[in-house]
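The two complexes that follow have chain A in common; it is paired with chain B in the first and with chain C in the second.
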Partner chain A sequence: MIQKRPFFITFLAPAVLTAVILAAAIFEVLQYSVREFVPGSLNVGGLTLENFARINRPIYWWVLADTFFISLLTAVFSLLASYPVAYALVRAKKDWVRSALVSLSITPLFTGEIVRTFSWMLTLGTDGFINSMLRKLGLIDMPIQLMYTRFGVVVALVQFSMPVMIILLATAIAHVDRDCERAAANLGASPSAVFWRVTLPLTLPGILSGIVVVFAWTMSAFSTPQLIGGGKILMISNLAYLQGFSVLNLPFAATLSLIALVCALGSLALMKTITGRIERRLAVN
Partner chain B sequence: MRSQKIGTVAFWSLVVALLTYMTLPTIVVLMTSVNPTEILAFPPQGVSFDWYVKAVTYPDFRIAFKNGLIVTACASTLALIVGSAFAWLIHHYDFRGRGLLEGVLWSPLIIPHFTLGFGFLLLGGAFGVQQGYVMIVLAHMVLVMPFVTRAVHVSLANIDPALARAAANLGASPFQVLTRITLPLVVPGMAGGWLIAAVLSLTEFTASLYVTGSRTQTLPVAMYNYIREYADPTVSAISALLIIATTLIMLVADRTIGLRRVLAIDTH
Partner chain C sequence: MTETAIIHPSKEAGSAVDIVRVRKDFGSAVGVADVSLTIRNGEFVTLLGPSGCGKSTLLGMIAGFVTPTAGKIVVDGADITDLEPYRRDIGMVFQSYALFPHMNVHDNIAFGLRMRKLPAAQVEKEVARAIAMMKLEGFEARRVRQLSGGQQQRVALARAIVIRPKVLLLDEPLSALDKNLRAQMQVELSELHRKTGLTTIFVTHDQGEALSLSDRIVVMNKGAVQQVAAPIELYRQPANGFVASFIGEINALPPGRCELKDGTASLVLPGVGPLVFPTAPATGFAPGRQVRAFLRPEHVRPVLAGEAGPNVVTGKVEAHIYQGSHTITRVVVEGIGLVETRVTGAEIVASAPVGASLGLAFDLSEAVLLDTAD
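Presenting the complex of A and B:
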C-alpha cells in the first residue's frame, strides 16, 4: 500500500500531546482565576468574578501602572542603547569585528536570569562595584542608593533586554537596501542626513517590533524586580508570586498571572497590526 | 572629511561604552568570585579559589546541580524528539489545524514564565503529581521546544529537495529517505538546537521556582534561596562557573550550526 502521507500520525501525535498538556496548564490558571478564595485553605470554592473585581483597588492599580511604566522605560532605553550596537554589528567592515560584536551582545542571553540579576546586585549594591569606584575616585562620600530603586531595576532590565533588541534591530538594518543610501548620498545628502532620513525610517518596523517585544518581555520579568527591587518595587509578577506563596491566595495569584498573559499577548497583537500597516506604507512609497 | 572622522570615532566610542555596560556585571561577578575576603572589594584583594571550593562542596548546590542535570537531560531530549518531528511535519505537510498547533507550541516564547510555571504547578496538583520531576520536566520541555523546532526547521529548509526526490526515484522507501538522507543532513541542526535547549533549561529560573520543591530544586532556584539568606561570594563562584560553561556551550553551538542562523540574524 502506498501511503499518501508517510509518518503523518507518528510525527503529529507527540506534538499534539505536548500542545494539549500546555493548554491544560494554562487552562488551570484560567480555571483558578474564576474560583472563590477560601482563606486558610488551598482548596478553592465555587465560580466567581470576585478576583477580577479585586484588581480595582488603588494598591493593585499602582502595581499595574508601575509594571507598565517600568516596561515602557526599559523598552525606550533598550532601543536607544541597542541601535548603535546593532548598526555596528551589521555595518562593521571587518569580519572579526562583526563576530566579536555578535558574541559579546548575544551570549548574555544564555547565562540565565539568576546569574545576571545576582551580578547586578554586586554591581549596584551599597558596597558594590559602582559605589566603590565612585568613592575611590572621590566623587561621593556616602554610597548612593541604587539597589531597591526603580532606577536600579530599569538599569538591570535594559541590559537584560539588549540582546533581544539587538537581534531584532540587526535584522532590520541588514535588510535596508544599500542602493537607497547610495542614491541619497549621490544626490548630495550628508552621511548624517542619509542616516536620519533614509536608514532610520527604513528600519522603523524593526524599531517598533523591538520596542513591543521588549515591552512584553519586561512585563513578565520576575527575578530582577524580585531581587533588585527587593519588595520595594513590585511588578505584577512579584505580586502574583506574593499572593500565591505568601498569602496563599491561589485564585487571586491566578488572576494576576492571567492578566500578565493577556497583556503579553495584547502587546504582540498590537505590534502585528502596527508593523503590518507600516510595512504596507513603505511598500507603497 | 575631518568632521566625518570625528563622527566615526565618536560612534565607535559609544559602541564600546555600551558593550562595557552590557559586560560590566559579568566582569564584576568574576572579580568577586576570586576575591579572598567575604566582604566585597574592588579591585580584588588577591586571587583565591576558596569560594569555588565552597560552592562545589555545598550540599544544596550539589543536589540542585544533580536535579538540574536530570531535568535538563530529560526535558531537552524530549523537546528534541518532539520538536524535530514537528519541524519535519510542518516542513512537509499542510493540514487542518496546523496554524493553531503551531501557535500553541510557539506560545511559550510569549507566555510569562511565572504564568506557565503556575499553570504547571496547578496542573500537577490536579493530577496529584506535585512530587518528583514530572511537572518540572514537562514545563521545561514546552519552554525550550520552540528553539529546537526552529533550529531543525532551518536545517530542513536548507536541504536540497532534489536529494530526497532522487533517492525516492532510485527506489528508496519514505523510511529510508528519512533515515538515510534527511536525518544525517539535519543532525547539526538537531545538535545545535539541543544545546540551546539544554542551556536554557539548565539556567531557567522563574517557572522552576513554581514547579520545584525543596528536594527537587534546580541550581538557579538553590542559588536564589542562598542569595536571600547569605551574602558571601559562594554564589559568585557558582555564577562564574555557569557563565564559563554556557559561553563554551554557545561557542560549540555556534560552530556546529551557526547561532546567527538559528536566531535569524544572518546578515550576509
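Presenting the complex of A and C:
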C-alpha cells in the first residue's frame, strides 16, 4: 500500500519556489548577455553576439586563467593547512582539545566575509601586524608588499575556506577503520608508515571532495580579491563587477558572469570525473 | 601443499609466550585481573569466555594495542611489555579482518614483508607461497571488497602468517561467517596450524570452536582465569560452576551430602533420597561433605514411568527440543527442579508427550562434584 503524504507538496513548495526564482535569474543573465550595450544608458539594445566576441582578448583570458590559478592554489594550500587540524580534531584523546579545535575551526564561518577580509587587510598592510612585527624584530627595514598581491589574496582565501575543508577532512578521517591502522602496525608499519600507507589513502575521497568544493567556492570569490587584491588582482567576479557597476555595461557583465558559471560547472564536472576515476581505482568506497 | 611448505619446523618444546600477573584496569573497573599463563611453542591455545570477560583485552595486550596496568608479557624469552606494536613480530587476524580496502589481495599479503624492507624477489616468493597455502591462486589482483567472507578470511590469515610471526593471534575470526563456512574454516584453521606449527592464541566466545580447535582452553570470566585445561578435561572435569555451565549443557543438581556406607558411595539429596555412585568418584568426594553435582544431559537416561531401580526419579515432561539427530527433553522433578535429558532420535516426543510423567535414571559415573560455594 502506498502511503499518502498529504504535506509533501507543501513541504516542497519553498524549495520549488527558490529553484524557480534562481532559474529565472539565470535566464535573465543569459538574456542580458546577448543584448547590445547602449553607452550611457542602463537600457539594452537588440540581440547580438558581440559580447561573446569581445571576450576573446588577452586581458580577459588572463583574468580567467588567474581565477583558475588562484582557486587551485587556494584549494591545495587549504588542504595542506587543514589536514593536520582535522586529524588532531578527530584523533585528540582529550575531550577539551577536541572541543577547542572544533570551535576554533568552525567559528570563522560565523564571522562575515567582509569582517574577515578586513582583519586580513589589517594583518597584511604595510603598517599591518606582520610588517610591524618583522620590523620590530629587526628582520626587515622596508615593509614587504603583501596587500594587493596574489600571495595576500591566496592567504586570505585559504583561511576563508579552511572551515569547510576541515569539516570534509574530519568526516573522512573519522571514517577510517582503526582496525586497518592497527593491522598495519601489527604487520610492522611504523606510525609514519601507517599514516602514509593506510590513513592517507583511506581519506583520499575526503581530500578530493575538499579540493573540489574549495576550488569551486573560490572560483566565485568576490570581496576577498576585491579588497585585498585592490584592483591589481582581478578574479572573474571582480571583472564582472567592474563592467557592471563601474562601466555600467550590464550586457558584458552578464556575459562574464555566464562564463564564470560555465567555467565553475565545467571544472566541477572535470574534477568529479577525475576524482571518480581515482576513487574507483582505490576502491575505497 | 607438501610438507616442505612448513613455515616453522616444529621447535623444541619450550614456552613461546609467558604472561606474568598481567592486569588491566579501566578506571575503577577491572578488565583483566592478574592473569598468569604460559603458552608452549607450537601450542594452539583458546581464550574462551562471554563478552566482557577480558579475553580480547588480554589479546590486545599481547599485540601491543592495550598497555597493561601491571605485569609483564614475555615472547620468545624477550620482555615485550613496553614494545611498540610494530616491533613485536606478532601476527594478528582481526574480527573484522581489517584488510586494506585500497589494495588488492597481493598487496595486502605483501604489506608486512614490504614493511620489513625485504628484496622484491623475496617478497614475491613469500607472497606466492602464502597464496598457495591459503588456496588463493587467481585472486591476486582482486580487490578485497570483491571477495566473499571466507576468501577475506583466508587473505587475512595469509597476511598474518607470511611475516613468519612468533605468535599468531586470532580475534574471533570466524564470528562473521555463516554456519557452514564456519565449520569449513575450523578445519582449515586446524590444518594451517598443523602445517605451520605456529604458536596460536585464539579468542572466541563459541565453546564449540574452542573444543574442536584447541590444545588447551583458557576459560575466562570477569577478567579472571577460571580454568586452563585440554578440551576433554574441561568438558569432563570443569573446575567450577561457571565452567561447568559455560562449556556444553549441564544439569546442576541441588546441594547434597556425600555418604559412604558399606563401601557404597552415594549423594543424599534432601527430599529426593540417595543417588548411588557406581564407583566412588575420584575427585570431589569425601564422606560428610556438602557438594553440588553437575550431570550432562547425555548421562540422564529416560526410563518408563514406574520402572524402579537405582537412581531413578520421576518427573513431568515440560518440553521437547527436537534438534534433528537428537532430542533434548526438559523434565521437572520434585526436589531437584529442571533436568534435561538428551537421547538420539525423536521417538521420545511421541512416547512421553508434554505433561506426561517420565522416569529419569541418573548415571553418576560422569557426575562432576563441586563445592557448594563454587
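The rule is simple: the second predicted complex is superposed on the first by the 258 of 285 C-alpha atoms of A that agree within 3 Å, B and C clash if a C-alpha of one lies under 4 Å from a C-alpha of the other, contacts with A are read in each partner's own complex, and residues count from 1 in each chain.
By definition in this document, a residue touches a chain if its C-beta (ideal position, glycine included) is under 8 Å from a C-beta of that chain, and two chains touch if they have at least 3 such contacts.
None of the values given here were measured: they were computed from a predicted structure.
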(message) For A:A193, using the defined touch cut-off, is the partner it touches chain B, chain C, both, or neither? Pick first, second, both or neither.
(response) second
(request) For A:P84, decide between first (touching chain B), second (touching chain C), both and neither. (result) first
(request) State whether A:A185 touches chain B only (first), chain C only (second), both chains, or neither. (result) second
(request) Return the chain, chain B or chain C, that is in touch with more residues of chain A. (result) B
(message) Touch test for A:E36: chain B only (first), chain C only (second), both, or neither?
(response) neither
(message) Once chain A of both complexes is superposed, is A:P14 in touch with chain B (first), chain C (second), both, or neither?
(response) first
(request) Mind sorting out which residues of chain A both chain B and chain C touch, each in its own complex? (result) 191
(request) Please name which positions on chain C make contact with chain A in the complex. (result) 63-65, 84-92, 94-96, 98-102, 111-112, 115-116, 143, 145, 159-160, 163
(request) Under the touch definition given earlier, write down the residues of chain B that touch chain A in their complex. (result) 4, 7, 11-12, 14-15, 18-19, 21-26, 28-29, 31-32, 39-42, 81-82, 85-86, 88-89, 93, 95, 101, 104-105, 107-108, 110-116, 118-120, 122-123, 126, 138-139, 141-142, 145, 174-175, 178, 196, 199-200, 202-206, 209-210, 220, 223-224, 227, 235-236, 239, 242-243, 246-247, 249-251, 254, 259-260, 263-265, 267-268
(request) Note which residues of chain A are touching chain B in the complex, please. (result) 3, 5-8, 10-12, 14-16, 18-19, 21-29, 31-32, 81-82, 84-85, 88, 90, 98, 101-108, 110-116, 118-123, 125, 127-129, 132-133, 136, 156, 159, 162, 167, 170-171, 174, 191-192, 216, 219-220, 222-223, 227, 237, 240-241, 244, 250, 253-254, 257-258, 260-261, 264-265, 268
(request) Within their complex, state which residues of chain A touch chain C. (result) 177, 179-180, 182-191, 193-194, 197-198, 201-202, 204, 282-284
